[in-house]
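The following pair of complexes shares a single chain, chain A, combined with chain B in the former and chain C in the latter.
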Partner chain A sequence: MTLSFQQILSRISFSVLAALIGICFALPLIWFLFAPFNARAELGLEIPSPFTLKNFFTVFENTFAMRGLLNSFIQSIGGVVLVGFAATLAAYALSRSDIPGKKSITYLLLLFSSVVSGSAAMVPIFLIVSKLGLIDTHVAVILVFAGGLLPTAMFILRDFIDGIPKSYEESAMVAGASSMQAFRDVALPVIRPGIVVVVVWAFVNIWGSFLIPFILLRSDELMPASVAIYSFYSEAGTPIVTLLAAYALIYSFPVISLYLFVNWKFGFRFFGGIKA
Partner chain B sequence: MKNFSLLSVRAGTLFFSPAAALVGAFVIVPFFWVIFVSFTNRTLLGKTALNPEFVGFDNYVALFNMETFFTRGQFGFSLILTIQFVLLSALIGQALLGMILAWLLQSTPKYVKLFSESAVIVAWILPEVVIGFAWFAFLDYDNGTLNMLTTALGLEPGDWLLDNPFWVIVFFNTWRGAAFSMMLFNSAFASLPPSYFQAADVAGATSFQKFKDIALPLIKGHVVTDLILITMWTFNVFTPFLLTQGGPSYRTELLSIYTYRVAFKDFEFGKGAAVGVVIMLINLAFALFYLRIAKQKHKGAE
Partner chain C sequence: MASISFQNVTKSFGDFNAVSNASFEINDGEFICLLGPSGCGKTTSLRMIAGLETPTSGRIYIGDKDVTGLHPRDRKISMVFQDYALYPHMNISQNIAYPLKVRGENEATRGERAQEVADVLKIGHLLDRLPAQISGGQQQRTSLARALVNPSQVYLFDEPLSNLDAKLRLEARGFLHHLQHSMGMTSVYVTHDQAEAMALATRVAVMDQGRIVQFATPMEIYRKPATTFVANFVGNPPMNLLPVEAMVEDNRLKVKADGLDVADIPMQRSFAEAVANNPNITLGVRPEHLRATAEAENVVRGKLFANENMGAEKLVTIERPDAARFTARIFTDDDIILSEDVALGFSSQHISLFDTDGNRLALDDE
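Showing the complex of A and B:
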């Protein structure tokens, strides 16, 4: 099919417009590609001169900053393990068992999880964690995130499990497997890609969050990177730009690489929940 | 054939219990607790921290005190600000931009698509602290990239965070969240049968006509889903705090930031909880609406 002049023109203008929007989105971030490598970086956009990796080494030598990354890692991994474990079991139960009131449980969970947001619940969450004596612990952050992320994680996984034919496990059980064996040896390997998606999603959420650890933690030794990053401000409150930029880049690295991993492995797709 | 279940009720309950315990403790209990606390004068420090008194509707009366309701730094001001913020940055900004992007990117060359899509998505996935700092640098009066551009174009540089803080957070949130709408509409457009468009092509329809007369009516359901979800998220978002701290002089103090200030800066837990309850009521209205539509759609599909 040959394109008319008008169609070619509209194609070109579409591309130009799309590229322009893309550039506008990239603009606030371009600075981040240059500043970490600039020995004299300021808030302005400039080609690094002199080019240096020294900013990164200074960050690596800053024990508080490195501690922050470690804490982010502890909290994210803790939360992810808990979410992955509890969500898989619960989603399997919701999909495969006949617990009474399955439908209403699902409905209520969906409702509660969308009503109780971080901004609405910060006061009671703080009070509950205080009452449990867990203020200023990693465990507090991990538990609160697990509770908050679980409903969504469960729905994504339940949809995923619903899509797997029951006959897989049924034939295993006809052959004499117990339901535990059918779950562990037959269902679990098939569900694994769904678990990976949920786990990555939960990790990115916990890794990047600010409000919950900011409220629940007090001591410097426990602060995750999202809070620790504010140590790169001078006493007067002005940022030490070189270090902040380098640290932000290091801190963003896991999120970007996980995204690329998921994109490479599963492609652009919406998982569960939001399909029409 | 006997209908046998893969997982007995007992095993199912066992499987379900860890999740139930966690969600119960950190989602459902907070829901009821925040309502309870909102009727007390509980504070973080002092006498009422340990022995809060029951004060009835005092906290709510204070929130809805009409003499100060619309004053900056008060509840009504934050509520109205948040509504404007949702309308402009989510419903107009994110949804419209996401829609335009999803439509444009269908017929652009591969590399343009890859570049623009990546830029939009990176803005969405980076940690919020990093984003806050990136925008802080971007908007800096003396050196920031934005003023570098405006000067290069022969315009006056602006002290954006001081002069137009509200518009800054509107653009900020549009930029931050457009990716979700783009991806949702992207998959919606991809689900439409290509033959519809081929027929329109033969008839000589323009891209806008195809969008308006074919695509848009068919993805109405997606649009509603998208609008409700981004409304709920934007209504509860805390990220602008990392750019403006709610200032200057409360001009960007969204409800979430207001709650944080009342509860954790002024230490008035009771009042903060009352704000939380109002937020939850509004969330509830949206959620019920969403669930009803989702249910109808589900029925329609069967």
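Showing the complex of A and C:
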């Protein structure tokens, strides 16, 4: 195959452009991987020499930061369980039942959710939580996150369930299963990839969120990692880059491992029972 | 096994009547095909027997029991779905045995029964596979095995063969016929394929726009279609239909159209009124009753339009002066040499007549 001069030129310029864009994304990630192992890390990119784990040991000694990670786990897992459970049941009902106006209900919820979880609603949310006497509790954070994420989770899941033929459950019911058994034995396993997507999405959302726990919580013992990360700023407000980098790597670890785990364990392999 | 009875069953979706006031009886051990084009209400009727749809009005009985509002699980039925609906997360054995599982059979019995049924259907070696790992034909047999594993009163089939390729479909059709004959199970089978209905059914219910147009044995539907719709739907190629003008003369019926010579038809009671009210009737002849000869009781003439060789037979189509086409199935191994002008002959016993509204004008001995 011979290429004209113009084609060669356009291919070269495309590759150069793609490489430039790629570098813009890659540089922070490379810094993110190198800096934690460098005793003199700066904001510039530098290969660690010597390679050290000293930053991590210092971070492990910071009990506030360590408890922050535990708190993040409590709040994320609490929120994920609540969102996963409620969204599955709600989405299944919205997809399969003949409730009149179910479409508008879903859209209305979705519309409101973008308001509720946004910072615009922080004042009323704070007031409600305060009236309930839940300020400075994990429950407050979990409930507010669940409320904010549920409509979108429901929406995603409902779309997913809509795409699954009803004949799965129908065949189960004809075979002698009750509606409940059909849901548990047949629908739930088939919906599972969708639930997993929603769960991962909700986990990442809660894990990385700063504003809501920062406002609803008071005591240091309850602050999640996203807030605790500020303990690596000096009094003057300048970041201690070495420790910040090490903590950031630890902080990102659960999210990365969750992705890897889900990809390995579930993936999207349950297809083939329905002949299209 | 049990009989099924529909009593004035109507099913509406909003303003649309999917099934309008259908009443029929299915006897114990019969194999009934619901035949019709898409949207005629055949699948809705089947789903009402299964309990997956509830009738808007009317009652449905299985045996002596009114099942109109009953949950599907309480109807003692089995059903094969068009898309098979195999559970993708269960292996073939678990799929087949699922009806036993929900009825509380223990695991050993379930495994045994699944193996038995699977062996009969020649999928016994696939029990450990997942549905995604077997072929379409094997999936179809798995869904059939799941329907057969638990004895039921009624077996329902929703176009079970429509997703198979042509060769497998014929094979599966033969197998279903054999199965039904040896087990004598009451079956209701939905299809839009008239050949399937003719081959399998003890009786066929032809449906159109939510109504049952004709409910009779396959031979009767083939020989004496009740309406032009049935005549057009059953048979491949369908019955040739030709608008003609009818006249009564000397107590005999004469029909006339360009290029058509039809011997007088002895006057029948059923004709008299219809022809008097409206002389524009329709004459029908099946393609296989036409011969490539002008020496016959009745002859239809036209210009050669197409001459297709199908192997066992030849399909000769002529175009008539009024642009209507007539197709003949001619069974011969010889090449037929046709000139531009073709005459096709047929005998009087093969004529069907329909009134202006498309309803059959019955001969008095029918």
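To be clear about the criterion, the second predicted complex is superposed on the first by the 241 of 276 C-alpha atoms of A that agree within 3 Å, B and C clash if a C-alpha of one lies under 4 Å from a C-alpha of the other, contacts with A are read in each partner's own complex, and residues count from 1 in each chain.
One rule holds in what follows: a contact is a pair of C-beta atoms (placed from the backbone, for glycine too) under 8 Å apart; a residue touches a chain by one contact, two chains touch by 3 or more.
Computed from a predicted structure; not experimentally measured.
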{"item": "Touched partner set for A:Ala90, first chain B, second chain C, both or neither", "value": "first"}
{"item": "Comparing the two partners chain B and chain C, which touches a greater set of residues in chain A", "value": "B"}
{"item": "Chain B versus chain C as contact partner of A:Ile215, first or second or both or neither", "value": "first"}
{"item": "Which superposed partner A:Val200 touches (first chain B, second chain C, both, neither)", "value": "neither"}
{"item": "Touched partner set for A:Gly148, first chain B, second chain C, both or neither", "value": "first"}
{"item": "Which of chain B and chain C A:Met173 touches, first, second, both or neither", "value": "both"}
{"item": "First (chain B), second (chain C), both or neither touched by A:Pro165", "value": "second"}
{"item": "Partner chain in contact with A:Ile250 - chain B first, chain C second, else both or neither", "value": "neither"}
{"item": "Footprint overlap on chain A, comparing chain B with chain C", "value": "170, 173, 179, 270, 274-276"}
{"item": "Chain A-touching residues of chain B, taken from the complex the two chains share", "value": "4-9, 11-13, 15-16, 18-20, 22-23, 25-31, 33-34, 37, 97, 100-101, 104-105, 107-109, 112-113, 115-123, 125-130, 133-138, 140, 142-146, 148-149, 175, 178, 183-184, 186-188, 191, 206-207, 219, 221-222, 225, 229, 232, 236-238, 242, 255-256, 259-260, 263-264, 269, 272-273, 276-277, 279-280, 283-284, 286-288, 290-291, 297"}
{"item": "Partner chain A, residues of chain C touching it in the complex", "value": "50-52, 71-73, 77-79, 81-89, 98-99, 101-103, 130-133, 136, 139-140, 143, 146, 150, 156, 163"}
{"item": "Chain A to chain C touching residues, read off their complex", "value": "165, 167-168, 170-179, 181, 185-186, 189-190, 270-276"}
{"item": "Residues on chain A engaged by chain B in the complex (per definition of touch)", "value": "10-11, 14-15, 17-19, 21-23, 25-32, 35, 42-45, 82, 85-87, 89-90, 92-94, 96-100, 107, 109-128, 143-144, 146-148, 150-151, 154, 166, 169-170, 173, 179-180, 182-183, 204, 207-211, 215, 225-226, 229, 239, 241, 244, 248, 251-252, 255-256, 259, 268-270, 274-276"}
